[in-house]
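Have a look at the structure below before the remarks.
Note that the chains are named A, B and C in the order they appear, and that numbering of residues resets to 1 at the start of each chain.
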Amino acid sequence: MAQIELDLAHAYKPNPQVETDYALLPLKMSFRDGGAYALLGPSGCGKTTMLNIMSGLVVPSQGTVKFDGVDVTRSSPQERNIAQVFQFPVIYDTMTVAQNLAFPLKNRQVPADQIRKRVGQIAEMLDMSHQLDMRAAGLSADQKQKISLGRGLVRSDVSAVLFDEPLTVIDPHLKWQLRRKLKQIHHELKLTLIYVTHDQVEALTFADEVVVMTRGKAVQVGSAEALFERPAHTFVGHFIGSPGMNFLPAQAGGGVLTVQGQAVQVPQGLAVPEGALKLGIRPEYLQVSAVAEPGTLAAVVRQVQDVGTYQMVTCDAVGVVLKLRLTPQAQAPQVGAQVFLHVLGPHTCFYKNEELVA
Amino acid sequence: MHDQRFHKRSIFLAAYIIFALLPIYWMVNMSFKTNEEILSSFSLWPQHFTWGNYLTIFTDPSWYSGYINSLIYVAINTVISVSVALPAAYAFSRYRFLGDKHIFFWLLTNRMTPPAVFLLPFFQLYTTLGLMDTHIAVAMAHLLFNVPLAVWILEGFMSGIPREIDETAYIDGYSFPRFFVMIFLPLIKAGVGVAAFFCFMFSWVELLLARTLTSVNAKPIVATMTRTVSASGMDWATLAAAGVLTIVPGAIVIWFVRHYIAKGFAMGRV
Amino acid sequence: MNPTEKPVNQKAWWLVLPVLLCVAFSAILPLMTVVNYSVQDIISPERRVFVGTEWFAAVMRDEELHGALWRQLQFSLAVLAVEIPLGIALALSMPAQGWKSSAVLVLVALSLLIPWNVVGTIWQIYGRADIGLLGHTLQALGFDYSYTGDPVHAWFTVLIMDVWHWTPLVALLAFAGLRSIPDAYYQAARIDGASKFAVFRYIQLPKMREVLMIAVLLRFMDSFMIYTEPFVLTGGGPGTATTFLSQYLTQKAVGQFDLGPAAAFSLIYFLIILLLCFVLYNWMQSLGTAHKEHAHA
């Protein structure tokens, strides 16, 4: 169990000049001891690179990695005492489950009876006690991943467990089982867990805090709620949520807000920053009314979809597509009807140059 | 990778490569000497460097025709082997049919037959057919070993291509020949390359059958080389030069298929 | 591809027909001839007497054959014992990527593409005391080395020649097997603190299993059928020290023109190989049976 501090950047070439030369743009981050974190982002955003830097498989081109204050930048994964679970199960085919789990301990010359005890404990935690003597090669993918995980947990002094999209090869109906198991283990063992994924559901359900990344940059670190309510970057707004945040280009000046030429009256008490803006509002928070009110924008309903647990209404407002969610019970407007959307409200986020300003 | 490990392995690798190249180097060395020099003195490189031996080979028809003959029947054999193997491999890879496993196994057993067993029967067979001393005779004789190998290799590669591709092509209206040539072949071109490489390799290096079935017109270089004794004794120099020249086509072929060798030796099966 | 997913289609026979024609022509017709000869005494082209299994019995009793068979078995076992471990070691030391990988690959594979008689010739020259590097050096060091005169020297020379010639095949197969191992396995082993030997034993060797099986079968079969290289190098001598089965057969068939016994022996030869391959194959399968059984749990 360790606290991990990162203060680094990683570039492909020795003399990075522009942003695209970097795999990871300069960042400074701290993962507290015993916390569960997720690194979330699309493919190629650098999350796996960051994970490999933390585990020691990659040395950053500049900067440091510290475990509990100790500089481990050049230390090997063994020296850092981390465990890593990969995208596909990595097990020793010729060994049984018990032998697989015992392997890291055997390599450290731990006495045999201690090994047996520990292996039994971990197997119990993973619901694999009855499979200890089976050949690892014959098991299903999710069981093999549990073994991979188990090998990481079996060392009682493991500093952190790093996951690189571990549920990729698991059948969908088993994914949530494994996720629950991971949460359980986190709860029991209180280990520092860092989980890389491109699936926001995985990230948001697993982690206490999520690091959202894109193109080598960590754009926001926060709890699921913070990411949802106040995305620090338009990317986060867009990436989190299903569907993502609605965005509207706008111009504010002298108490008047114009969206694509249309004026929107600013409601009482709402402070709006000046200049060129982007408004962001989530479909979950976009209210609709039949009449014009302060803070609304006129729009035409294009499509109403009944998705089962909610209704998705797609509107066209001054050429911009906006989506909003309604409960199944609510009365959805007719297709083609003119409605008014509350684009300015307490949940609206204001962005300048893609960054949150208010 | 730790540096320690690399160091030991590099030494071992270097030692092996020296072991592998030394005999070849020695032959190259000899090929640039004259017979007199070879027999009279011993040196690690030619004291009196000469192109004479190579000149002999390039100008004397009884020598260079040997190379041409070999190349001809090897080429014929490779083309036939791969061509007939392709549809058969496809059948084994995609369908089950009566006797399929048995035929496949029987094909492989042909590879297990000592060529010596076929010496006499082939001799009689091709004499009867009037095909003795022709390129086609050797090409056909080598089919015995190359066709099973080609089928085996190609089947392995083909099994790696999902059936869905075939089905999609049929739905899109491709006839079987068109599908095979335009869609399927490009997907398995590594396999075709590997199969062709092995066919070339085996046919090029084989001596027994090639020599038995030829005498003058289609005499391959391998046969020519076994008869280089003259009145003045063994013609080592020319022999060495001839030997060096037989390695050249092989080296060229390996160079071209080097990317496929590592992948292809697994034959798509591993 | 899972065999149970393949549909049944008898029309596939048409696709297999060309192959069958080629191989049948090259194999069945001659084989029939061989069987024919093996049961007849051909005193002259006109006079043929059916003798049943007489030739087979004679062949089995033949002392020379026993000698050749025994030498052959020793040779093939020696070949396997040296070439398999050496090939694996070579594969482990070959670079995996980059221009170095290509260069090493070409240099290592070179010996596989040399015509077999040239292989014999190379070593024939190489081993001579007067004009060969090896022979000359050994003499200079004080060894009385002669592959033409001393049976033991001849044996070793033939063995080393075969090792030189064919180890690259094992190495290339093993190399391909190694390349199929994803990096993550090595990374996980580092994290688990595994020693280099443990990595070899638990990761590399198991993953190379299938290719190694192919290598063992191929090398066994081919060494059992070997003819050209030893023939060019030693001619089977001194005496019969390096006369293996193929040469024995060729002598009988072509040299002595004993068609009947030669044919009978041909069949026995082929059956021996088939039998040994079958046994070898099953034995190797059983070594990894549990592995295969659970493979599709």
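A few comments on the model shown:
Note that a residue touches a chain if its C-beta (ideal position, glycine included) is under 8 Å from a C-beta of that chain, and two chains touch if they have at least 3 such contacts.
Because the structure is predicted, anything quoted here is derived from the model rather than measured.
Chains joined by the most contact pairs: B-C. The chain with its Cα centre farthest from the Cα centre of chain C is A. The distance from the centre of chain A to the centre of chain B, each centre being the mean of the chain's C-alpha atoms, comes to 55 Å. Remark: chain B and chain C have CA centroids separated by 16 Å (rounded to whole angstrom). The part of chain C that touches chain A in the complex is made up of residues 182, 184-185, 187-188, 190-195, 198, 202-203, 206, 290-291, 293-295, 297. Residue ranges of chain C in contact with chain B, taken from their complex: 1, 3, 5-10, 12-13, 15-16, 18-23, 25-27, 29-31, 33-34, 37, 89-90, 92-94, 101-102, 104-118, 121-123, 125-126, 130-134, 136, 164, 168, 172-173, 175-177, 179-180, 196, 210-211, 214, 221, 224-225, 227-228, 232, 245-247, 249-250, 253-254, 259, 262-263, 266-267, 269-270, 273-274, 277. Residue ranges of chain A in contact with chain C, taken from their complex: 55, 57, 76-78, 82-84, 86-88, 90, 92-95, 103-104, 107-108, 134-135, 137-140, 148, 151-152.
Every residue of chain B that touches chain C in the complex is listed here, in rising order: 5, 9-10, 12-13, 16-17, 19-24, 26-27, 30, 38-39, 42, 44, 80, 83-85, 87-88, 90-98, 100, 103, 107, 109-122, 124-125, 140-141, 143-144, 147-148, 151, 159, 163, 201, 204-208, 221-222, 225-226, 236, 239-240, 243, 246-247, 249-251, 253-255, 258-259, 261-267, 269-270.
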